[in-house]
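Structure first, commentary second.
So that you can tell them apart, the chains are marked A, B, C and D in the order they are listed, and the count of residues begins at 1 in each.
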Amino acid sequence: MLELFRNPKNLGKIKDADASATAGSLACGDMITIYLKVDEKTEKIIEASFESYGCAANIAASSILTELIKEKYLQEAWKISWKQVSDELGGLPSIKLHCGILAVGALRRAIRAYYKNRERPEWLPEELTPEERQALEEEELMNILGKKMRAVSTKPSEKEV
Amino acid sequence: MLELFRNPKNLGKIKDADASATAGSLACGDMITIYLKVDEKTEKIIEASFESYGCAANIAASSILTELIKEKYLQEAWKISWKQVSDELGGLPSIKLHCGILAVGALRRAIRAYYKNRERPEWLPEELTPEERQALEEEELMNILGKKMRAVSTKPSEKEV
Amino acid sequence: MIGNLSSNLRALIEAHGRPEREVYLDLENSGLIFEEALNELLKSYRESGYGHPSITHKPGWSSLELLLEAKENLLSFIKARDGEVVFTHSGTEANNLAIMGLAKATPNRRKIIISSIEHLSVKFPAERLQELGFRVMEIPVDDEGFVNLDYLSDQIDEEALMVSVAAINHEIGTVQDLRAIADVVRDKDPETIIHTDACDALGRTPLDFGKLEIDIASFSGHKIHAPKGVGALYVRDGIKLEPIIHGQLSSQSLWPGVENIPSIAGFSKAIEIFRENFDNYREKMKNLRDILIGGILSQIDDAFLNGPRGDRRAVDNVNVSFLGCEGEALTVELSLRGVYVSSGSACTSRTLEPSHVLLAIKRPYEIAHGSILMKTSPLHGEKDIEYALGQLVKAVERVRSIAPKGVV
Amino acid sequence: MIGNLSSNLRALIEAHGRPEREVYLDLENSGLIFEEALNELLKSYRESGYGHPSITHKPGWSSLELLLEAKENLLSFIKARDGEVVFTHSGTEANNLAIMGLAKATPNRRKIIISSIEHLSVKFPAERLQELGFRVMEIPVDDEGFVNLDYLSDQIDEEALMVSVAAINHEIGTVQDLRAIADVVRDKDPETIIHTDACDALGRTPLDFGKLEIDIASFSGHKIHAPKGVGALYVRDGIKLEPIIHGQLSSQSLWPGVENIPSIAGFSKAIEIFRENFDNYREKMKNLRDILIGGILSQIDDAFLNGPRGDRRAVDNVNVSFLGCEGEALTVELSLRGVYVSSGSACTSRTLEPSHVLLAIKRPYEIAHGSILMKTSPLHGEKDIEYALGQLVKAVERVRSIAPKGVV
């Protein structure tokens, strides 16, 4: 895992990406952007890359995920779970599982982005998958917390049961 | 104090003692016997000795007490307090104060014993002094505890608030 | 306590001079340390274990590695098939966590059952819980300290939160039949949690938590010649405890604050040493124990052994009472002769009552007051024990010579 | 936590190779040790401090002597005129004893007042007491972490059990005005107890408990380069606490179990070293701190100092945020370069929330996540700090290079 942090594979922006998406935010403390280059005809991923603001596990998870999806059909890539990402890394500690979830969340958003102006294939569900929902929830939570914080009154906070 | 434990002064029975008394008991874990030889005319203590079943502080306290009362009039000896005994030893730790009290208790009992068949002098109060009372209380407590223990039923003891 | 005063202490210590030999037998109260365990501690401070095991840098990871290794070592020594180890800073803390932590986590069961000879770090937390509305039942023991299984059985019902019985009693060396205790408990109520204070059992008797139906067990480092500052609680999978001390999340949610990795590394080493030499060490301790007990009973009048004999007694435990010989005075007399032991006499406990353990096995007060506790260890040789025995004979004679006559 | 898995740890550690230099700056989480303090610990294990200080024999008295000396040393270093010292096994335990022990002893006052930036070993026990019916008030702080004295004053009444404010904040180095805090409290209600968590203040700022009206104070050994496994609580005469851990009476009724004398002896030594070199060490730490802070702010873009500046800041504290540079990744990157620091980022705390201290001084989340905490010490030299600075510059650059662009 440290090796992937040290020498991550597929790091950086793809300038002429066919799709890209971000999950997480600076405020969350974790943020992953995934870039995809897709063969229009076969719907195969030709190139994948990432950028990450997050801990070492986050970077390793993004790196391994982009490795996993290369040369895969979008339909196959869609099915990759955070569990697979974790397994590939030799098992993420529970405290780090959300890194895998976030990476998968970003990938699925990118795939959805790819189909934004194209016809939605059957295998692509309309509802959000758990990974996408978790990414969304983290972002929203931080939004709320951020607002709450800005609104912090200068009154002493009394906590009672 | 250790020196007095190592080489106690005035240790042992006085065979032809004019008075002797014991305070404490084996069950208390502390027991001191004081022996006095008194000049009949002057009521001066000519010789004093002790035996002790108890901790090192107990032995030291008895030893120093018998030193203190030598060549003293009984009236003076009566006034010696456990505080003085403690001070002579360089200050007994609080947990050991009862050793001093026990020693003084035994001495006062011996002085009372001396006057048992003699006329009670004015300076000798009829009521027990605190030191004598404490010795008595310890003995009684142990009596009660001892009985209670022998009566310990084999039933599980339930303790409730 | 003679001279609990700073100014006298120096004089007290110097008065000892240089005895012919020094033999430390007070392993109940504080341990000797394996040189190898001390070296492990040193290495940890200097090289690899000075970090905080939750932090993501090399000293942190090295510390985490030592921590995980130590947990594995303990789990494998006690043959646990599953479960977690929480490191505390002492056996006392482990016992407190076991009892108060369990009561917090399962407040609906309100009866705590302990034997009448438990260590005070089990007895007092239980009594503290009484103030919070729990009931504490003390199971009586026989004259050798063995728990009365019928009474135990009678007490188990669906109100019973836990049963706590030490695998080996610290004072009189009773080796309880944990298997039988667990059977009795499980038979009446499979939900009652079983805790054993194994501080004195580790390394002295085989423990097989794979077979024994024990849920929680406490251990103490200095009891196996490890550094001070480390205790451990084994908690079987599925058993829930609440923390009783609160603070920064460490790698252990049940005991916050930075782990004492150097002491833990030393503990781990001591476990290895005990595991590798298990039969050997047991044989050695037992042999020394029997020389000491045999010598005392044959050479000193009015001496009584407290606790069971033979294989039902801990291999290291020697607890004897000398009638008419006050215990604390004897510890001082022996100290002057280079032999270090402790006594269960009244003076140290601030009350007139001697050890609750000796009273529970129905020793009269006068015998309890004259009790002396010693433990043999693999760090002792026969010469040590023979020296101690010789001094003991003389010391008892001397202390008795001070006592009022006709006492014995 | 990268690879919290035994099998990966070895690889992780070995991947580091041999960096040019190693500089340990994570003194917040775990200390370096003075070689002299370590030697004192060794001597204690081998010669004079392996006994139990309540037992009446030579090793016991030697241990008691070391214990009493250590108490004296601490009392004189903090210039206390009266009062007692209780040794625990950590600063966390000392804080728990202060707060929960006081609440147990004085249950009729039910309001606990703490600042909003207290260490979790103060904050969490207070919150635990809430569950038992106490009320906890958090006093807000300004952008530099200084307690709002007006709000504090408003909260003090005859319901107030205690006020707890750390002398120096562990994360952002705020040196509180304890004198002013005490005046405010005493003015409104002389009976309210004042506690200060002085774990990070000892040795860093002059403490004069003869003049300061502080009733209880906590200390931690590893924070002053002493061995682990020792904390201390100063309790002024007349203040009553109840124990929170129960067991055998040791020489200390407030913390049962055998005292860790070797660690205590090492702590005592570290106190002596800090006392003898007080001005010198302070100057040195401050100098190194300023080199580090100055270098960071001038050489790295979008870097922010958290906490106050100059003399109102702890002499050793360096806490900076790098925008667009996630903290935990930075700790790993720095570790590979031989520089060991910690981050207040979310990942270590199992929640998405960064440090409550940084939020209390109203740092936005995106700044709080990129925070790095370092402390200088007398054990560092200028070369160490320069090396760390150089690596920091490169590490921030590298971690930022991985992040989505346009973030900064």
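The rule we apply is simple: a contact is a pair of C-beta atoms (placed from the backbone, for glycine too) under 8 Å apart; a residue touches a chain by one contact, two chains touch by 3 or more.
Since the structure is predicted, the reported quantities are computational estimates derived from the model, not experimental observations.
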item	value
Chains touching both chain A and chain B	none
Any chain that touches chain C and chain B	none
Whole-Å separation of chain centres (CA-atom averages), chain A against chain D	37
CA centroid of chain C to CA centroid of chain D, Å	33
Intercentroid distance (Cα basis), chain D paired with chain B, Å	53
Residues of chain B engaged with two or more neighbouring chains	55-56
Residues of chain D engaged with two or more neighbouring chains	1-4, 12, 56, 127, 328, 332, 350
Chain contact graph, described as a line, ring, star, complete graph or other shape	line
Touch relationships between chains, expressed as pairs	A-D, B-C, C-D
In the complex with chain B, residue positions of chain C that touch it	1-5, 7-8, 11-12, 15, 116, 127, 130-131, 133, 135-140, 148, 151, 154-155, 324, 326-329, 332-333, 336, 345-347, 350, 352-354, 359, 362, 364-366, 369, 402-405, 407
For the chain D and chain C complex, residues of the former touching the latter	1-4, 6, 9-10, 12-13, 16, 24, 26, 29-33, 38, 42, 45-46, 50-52, 54-65, 68-69, 72, 89-93, 95-96, 119-121, 124-125, 127-128, 222, 227-230, 244-249, 256-258, 260-263, 328, 331-332, 334-335, 340-342, 348-350
Chain D contact footprint on chain A (complex, rising order)	1-3, 5-6, 8, 11, 13, 22, 26-31, 33, 51-60, 90-91, 93, 95-96, 138, 141-142, 145-146, 149, 152, 154-161
